[in-house]
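Please go over the structures that come below.
What follows is chain A paired twice: with chain B in the first complex and chain C in the second.
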Partner chain A sequence: MLRVENLVSGYGRIVALKGVSLHINRGEIVTLIGANGSGKSTLLGTLAGLIRPRSGHVHLKDREVTRHRPEKLVRQGVALVPEGRQLFAPMSVHDNLILGAYTRRGDTSEDMENVLALFPDLKDRLGQAAGTLSGGQQQMVAIGRALMSRPSLLLLDEPSMGLAPRISQEIFQALRGLASAECSILLVEQNAHLALAAADRGYVLETGQIVLEGDCETLRHNRDVQRAYLGRGYQEAWEE
Partner chain B sequence: MILDQRIESADRSSIRQTQLERLQATLNRAYRNVALYRERFDKAGILPGEVRHLEDLAALPCTTREDLLGHQPYGLFAVALRDTVRLHPAAGAGGPVVVGYTRNDIEVWARMAARALASAGVTENDVIQISLDYALNAAGMGAQSGAERLGASVIPSSGLAPKRQAQVMKNYRATALIATPSQALHLGRFLRHEERASLSLKFALIVGQVWSDPLREEIEKLLGVRAFGSYGLSEMAVPGLATECEHHSGLHLSEDNVLAETLDPETGKPTTPGELGELVLTTLTREAVPLIRYRTGDLTILHDEPCACGRTFLRMEPTHERADDIVIVDGARVSPRQVQEIISDILPNAVCALKVPSEEEVEGELEIRVQIESSRFEDEVRHLEMLREHIKAHVLEHLGLQAIVRLVEPPRKSR
Partner chain C sequence: MGLKNLTGLVLLSLAVIVLPYALPDFYFKLIQIGIYALICIGLSLLLGYAGQISLGHAAFYALGAYTSAILTVRYGWSPWLAVWVGIGLTIILALAIGIPSLRLQGHYLAMATLAFGEIAFVVATAWVALTGGPSGFGHIPKWNVFGYRLVPPRADQAIFYFVWAAVILGLLVALNLINSRVGRALRAIHDGEQAADVLGIPTATYKIKIFVLSAAYASVAGSIYAHVSGYVNPGPFSVEHSILFITMVIVGGMRTVWGGVAGACLMGLLPELLADLEHWRFAIYGLILLIIMMFIPQGILLGVRDLIAWSLEKLPFRKADSPGETE
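And then the complex of A and B:
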């Protein structure tokens, strides 16, 4: 589905990704965990075409898409749910969602129905300005907007950020239901507990390099992951 | 049966992608956490990030058993000692080296061993008797966790004489045996015809020494089972590193966990599949003790054509003669030089030769021939016998191996 080889990318003189290789199989949810500044968002930005990589290759469904522009990537099935949701606050929920289908031709009513079935909370608020919604609902609109383009690869940047635990749970449950043969998910998340519970596999990114890969069960049992991302064993780490 | 169909039968390009990702992660961790690797990579002028293809690995220096010996006990650990859950001293040339395992390492190993058993046809309904020595060889624990992972029932039966071994086998209706070749052969020779007929045994998974077709036929005939071989290396996870399937067309390497190369023993240049070379292995999922380009000293040929069983992992031929004079005993590698050093405590300047005992000899795992001066044979037999026992005890103490010691005269110089 997605295959990334030796991706080097960054901003200006800063090299944030130093040769990252990863892959996502069809229908998989893959999570990327890492501390602040490890390069997670750079990776998503590069995959979405917002940042041009310096070197490396990105293959989507066996086609090279390495330096494609963002709008072209959306047409090829890549949709980004950006960090902080980035909705058009004064516009209605309905219009925000419809914008997600901008690159597509034809009828979008079925997609709208699917989004509303996934997030029934939005049903009664279609006419409301997006900026007036709660954080959780805004996140639902952001994910819904990405889904309107019928992505085969959904990129999510910190979907749980600023949300109450119960709401995060709800959104992650929806994500689990979303992953299918048609849609694979790359999930970047600070909350490693949530991410490792929702995903199939994961990669651990440290200062722009992958240091661990494995299924979520394996990563949960890795002591470094426990100490750094799951908040377990701090006392032991201190005493070391 | 193929236990992990999706992984073991993946197409080659996705195997290579997984290998590249895991190799890069392993190199990054090794560089950050193990001083030896950091120094070596820096000296070679190559950073982990510069390994962009599997082939780039050839630019990195190899690791040898001497490196392990030189950094005992924990110098090559990539995790803190308290993050390991098990330590296995791996016997072999130069003395034992300790290999640590994290909880995940044990999990991965169990999975590899379970795959090996499944590929031999063992299922959750089998009762598996493991006669391997759990202390001498890590393969015992490996086989045990693999069998349990598969859901089979395990009878640990190390250290039992053939008679007791056969009794246990009969009474508890064991259907599979995991043993070294010599254990399997001893048991087979011990069994009388009617006893063999009363057993429920169906499979034997052979671990440890060098594997060959004649050996398989012999074990199959003696025990009335289907026998499956494996490749073992005490520093790596055994069994499961490489094992046979029902087609007996070489040993399938567990390529999602280990990257195999073969090198020309003369030039050290990589050889391609189909060509003979020294097997060099890099661990891809090991957390505690990652080994990068570890030289096994074993000569083999790799095959990359898919096997009739459907597995797509590389197959290695049972190992050919070794690149050196090392003898493999229960997965441990023993060199004459090392034995010589041990014996020189008793007999300075002794010359000795090693061989794996012939199949008729039951009392030991390793045969050592020690040359002594002709004049000593004029001694009383009692003295010679004492010398022999002394050497034997000394070898057991230092190598942990039951040896057959033979005292021989130096060869006469021919004119």
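And then the complex of A and C:
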């Protein structure tokens, strides 16, 4: 589905990704965990076409898409749910969702129904300005907006940020249901607990490099991961 | 287009038709204001929907005016043809300025258009052979509308109708644009450029197109101005006037193209009221801009609407009134 080889990318003189390679299989949820400044958002930004990589290759469905512009990538099936949601606050929920289908011609009412079936909370709020919704509902709009383009690869940048644990659970459950043969998911998270529970496989990113990879079960039991991302102290990890 | 906008257009059309009979001593002041309103409609598309500032709209206004003047006087063209040449030249120049500066994020367009505005003003003043220089360019033929020449003495009314018909047509085009897929995309660019990028909206292309369109509005306004006044000189085309247009749009309200019309009317009539203050005029403009930005940043149009809504809510005894919104 997605194959990234030796990707080097960054802003200006700062190199935030120093040769990252990863892949996502069809229908998989893959998570990328890492601390602040490890390069997670740079990776997503590069995959979405917002940042141009210095070197390396990105293949989507066996086609090279390196250095494509964002609008081209959207047409090829990449949709990004940006960090902090980035809704169009004064516009209605309905308009926000419709904008997600910008690159598509033709009828979008079926997709709208699908989004509303996935997030029934939004049903009564279609006419409301997106900026007046709660954080969780805004995240739902952001995910729904990305789904409107019928992506085959959904990129999510910290969907749990600033949300109550219960709401995060709800959203992650919805994501679980989304992954299918038509839609694979790359989930970037700081909340490793949630991410490792929801995903099939995971990568650990540290200062621009992948330091660990494996299925989520293995990662959850890895000492380093437990210590650094799951909040278990040296002592607990040692005693186990 | 929405019932509200349609009602607004019908009400405005009725007001335009009735005004020369209702206020025979006053309506002709609205001829120049109508020309400004046309520029402001275009500018509000750029400011309010693409989030970009142009300090060169007076220059596009000049381009339309001088193209029409020169082609009709020197070469005997029909004004109807000259308008299109003006629009064509404006599109070429706007593309030349817009493409390099709008591909970058930030306020490069403002800088580039500021320079362009200055250059255009200098050209209009100094290239005497072409433009007539500071003393101007006269004897421009009046516009010939369906065999009905717009000439004095009883011509004011015809000119007034002609100018405001252009304004209403301009509004119609702008409103149709806004309430389409394109308009939604433009608002998205205004609200969050990167988020719009991610949704596959080609932000740079849109900003260039909307800049070109808004420049074309100014060019048409310039052509109309040349034929209505019969005389052009560099005076009304300085960068100062570009700033005046921006002020009108901001004062009227950027979030709707109606704001451009409202702002042009208010700011256009203010000099009449402040005529005695000659040198203080621009200081007062600045003050008004400052006050509106601080207290009613959404502009007078939406400000008045909010005020009506607020007073209806707070004063229960007035509930019977129906709010006369114009948006």
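In this text, the second predicted complex is superposed on the first by the 233 of 240 C-alpha atoms of A that agree within 3 Å, B and C clash if a C-alpha of one lies under 4 Å from a C-alpha of the other, contacts with A are read in each partner's own complex, and residues count from 1 in each chain.
Operating definition for what follows: a residue touches a chain if its C-beta (ideal position, glycine included) is under 8 Å from a C-beta of that chain, and two chains touch if they have at least 3 such contacts.
Model, not experiment: these values are computed from the prediction.
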{"item": "When chain B and chain C are modelled together on chain A, clash or fit", "value": "fit"}
{"item": "Which of chain B and chain C A:75 touches, first, second, both or neither", "value": "second"}
{"item": "Contacts of A:211 with chain B and chain C, given as first, second, both or neither", "value": "first"}
{"item": "Partner chain(s) touched by A:149 [first = chain B, second = chain C, both, neither]", "value": "second"}
{"item": "Which of chain B and chain C A:128 touches, first, second, both or neither", "value": "neither"}
{"item": "Touched partner set for A:169, first chain B, second chain C, both or neither", "value": "neither"}
{"item": "First, second, both or neither for A:98, with chain B first and chain C second", "value": "second"}
{"item": "Shortest span in Å between Cα atoms of chain B and of chain C, once chain A is used as the common reference", "value": "28"}
{"item": "Overlapping contact positions on chain A, where the chain C interface meets the chain B interface", "value": "none"}
{"item": "Chain A contact footprint on chain B (complex, rising order)", "value": "14, 17-18, 20-22, 24-25, 28-29, 32, 48-50, 52, 79-80, 82-83, 102-104, 107-108, 285, 287"}
{"item": "In the complex with chain B, residue positions of chain A that touch it", "value": "3, 5-6, 18-19, 21-23, 25, 203, 206, 209-214, 218, 221-224, 236, 240"}
{"item": "Touching residues (chain side chain C, partner chain A) in the complex", "value": "181, 184-185, 187-188, 191-192, 194-202"}
{"item": "In the complex, chain A residues that touch chain C", "value": "48-50, 69-71, 73-75, 79-80, 82, 86-91, 95, 98-100, 102-103, 145, 149"}
